[in-house]
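Below is one structure, written out as structure tokens; comments come after it.
First chain written, first letter: the chains are A, B, C and D, and each begins at residue 1.
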Amino acid sequence: MAETHTNNADFIAVQNEDFCLAAEYAKLCENNSSDGAVVTFTGLVRDLNQGQRITSLTLEHYPAMTEKALREIVHDARNRWQLGRVRVIHRVGKLALSEQIVFVGISARHRGDAFAACEFIMDYLKTRAPFWKKEQTENGEHWVEAKASDQQKAQQWK
Amino acid sequence: MAETHTNNADFIAVQNEDFCLAAEYAKLCENNSSDGAVVTFTGLVRDLNQGQRITSLTLEHYPAMTEKALREIVHDARNRWQLGRVRVIHRVGKLALSEQIVFVGISARHRGDAFAACEFIMDYLKTRAPFWKKEQTENGEHWVEAKASDQQKAQQWK
Amino acid sequence: MKVLFFAQLREVLDCDTLVVEPEVNTLAELRAHLQQKGELWQEYLAEGKALAAVNQTLANDSTPLSEKDEVAFFPPVTGG
Amino acid sequence: MKVLFFAQLREVLDCDTLVVEPEVNTLAELRAHLQQKGELWQEYLAEGKALAAVNQTLANDSTPLSEKDEVAFFPPVTGG
């Protein structure tokens, strides 16, 4: 597990281990009476993707680049919105059905900033952070294809 | 505490007691391998509102109407987006600094639906659900004034 | 007809529930009727200042009323 | 110059790291140079098919290259 603090309020991790939403939420809230809004996103391994039944998936990444890419995305988000704390965790390795893949948690004074930044970070992560999914199905395994809809979502933030 | 299930996948509660994010998240996820995205919003009592230092607040509501109003808002959200499970909890009574006020949690197949519905429910709740906040400050207490920005946010969904 | 008041309205008018049987057909008429009760009622029940619900659903001035309805007046909501 | 390949590209080209010293000044030139290695390289390194990063930052064909750079080629990303 590798951790990087881009500033006191940011936490970015790329790791094999699972994460705990309650612990992440506690870190967003504790001794933080100035933020009235906390938004979290959790991405999980779902059973069906593009019509195929998934049994598990394997996440590969480019270790030297992943944290740097995530850090840049968080930095971008901070330039756009007034944010309190930001926590991003992305898992790599083999993940079973329903396992947690990714977490983005944001605290902010106001909810609009927290919602926008959380969705922005996910949209950018999906198109700019060097992770690749290989899905295992009953009929063998295959690399997941990038979705045009993810490109479009990311472009809407321009 | 009053609970209402508008359908198997909805949970709506208006209550004095605190809630636990981890428990809510577990209920959004358990035996739910079809949803790949979970978005949660938590609203907390912040120390500063419209320039005044807050020590606590009291939430009054219209008991016969609150759950009905929340149910209608969730129903609206379900008509707009493809959602899995929806959980909404709003507390009433006296709340100290940093206490949790409101929770909205959504699971969905895709993250776009979960983000949009979660923010929509909060924006509508802020303008349509009969809750009123009275803030206690060092200089006495006062009713919170409705914000024009909340009206504008709700109107943007039309 | 039962009329309820909440939050600041309840405090200012010093009234949480009123049972009235006025000859009114719409929310606008009930509002006007209640506004005759005094200066504070006149001011605080004004449209735009007080929201209203009929049978626990947000209503507007043209909403029809009948005897058994529960009507509520309250300030713009501030939950969440 | 170190060149890395990830995911499907690594598998198809059967290559995860390459150390090369070509006479190239831009990413476009490196791409063209590597595409000469064979049909699969030609196909899978095509612009639009493979993304590239120079020193761990997303790059485009006009990005300048120097000897000490770390270059990576990979398919469009699919994390999250």
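What we mean here is this: contacts are C-beta pairs under 8 Å (C-beta built on N, C-alpha and C of every residue); 3 or more make two chains touch, one makes a residue touch a chain.
Per UniProt, the chains are A, B = Molybdopterin synthase catalytic subunit; C, D = Molybdopterin synthase sulfur carrier subunit.
Source: prediction; values computed, not measured.
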Target chain C, source chain B, minimum contact steps: 1
Relative to chain B, chain with the most remote C-alpha centre: D
Rounded Å distance between chain B and chain D, as computed from the means of their C-alpha atoms: 48
Geometric centre distance via CA averages, chain D-chain A, whole Å: 26
Chain centre separation (chain C, chain D; CA means) in Å: 70
Chain A: positions in contact with at least two other chains: 43, 122
Chain B - residues contacting chain A, complex: 20-22, 25, 29, 32-48, 97-98, 109, 111-112, 114-115, 118-119, 122, 153
Chain C-facing residues of chain B, complex: 43, 59-62, 64-65, 68-69, 72, 90, 101-102, 122, 125-134, 143-146
Chain D - residues contacting chain A, complex: 4, 6-8, 53, 56-58, 70, 72, 74-80
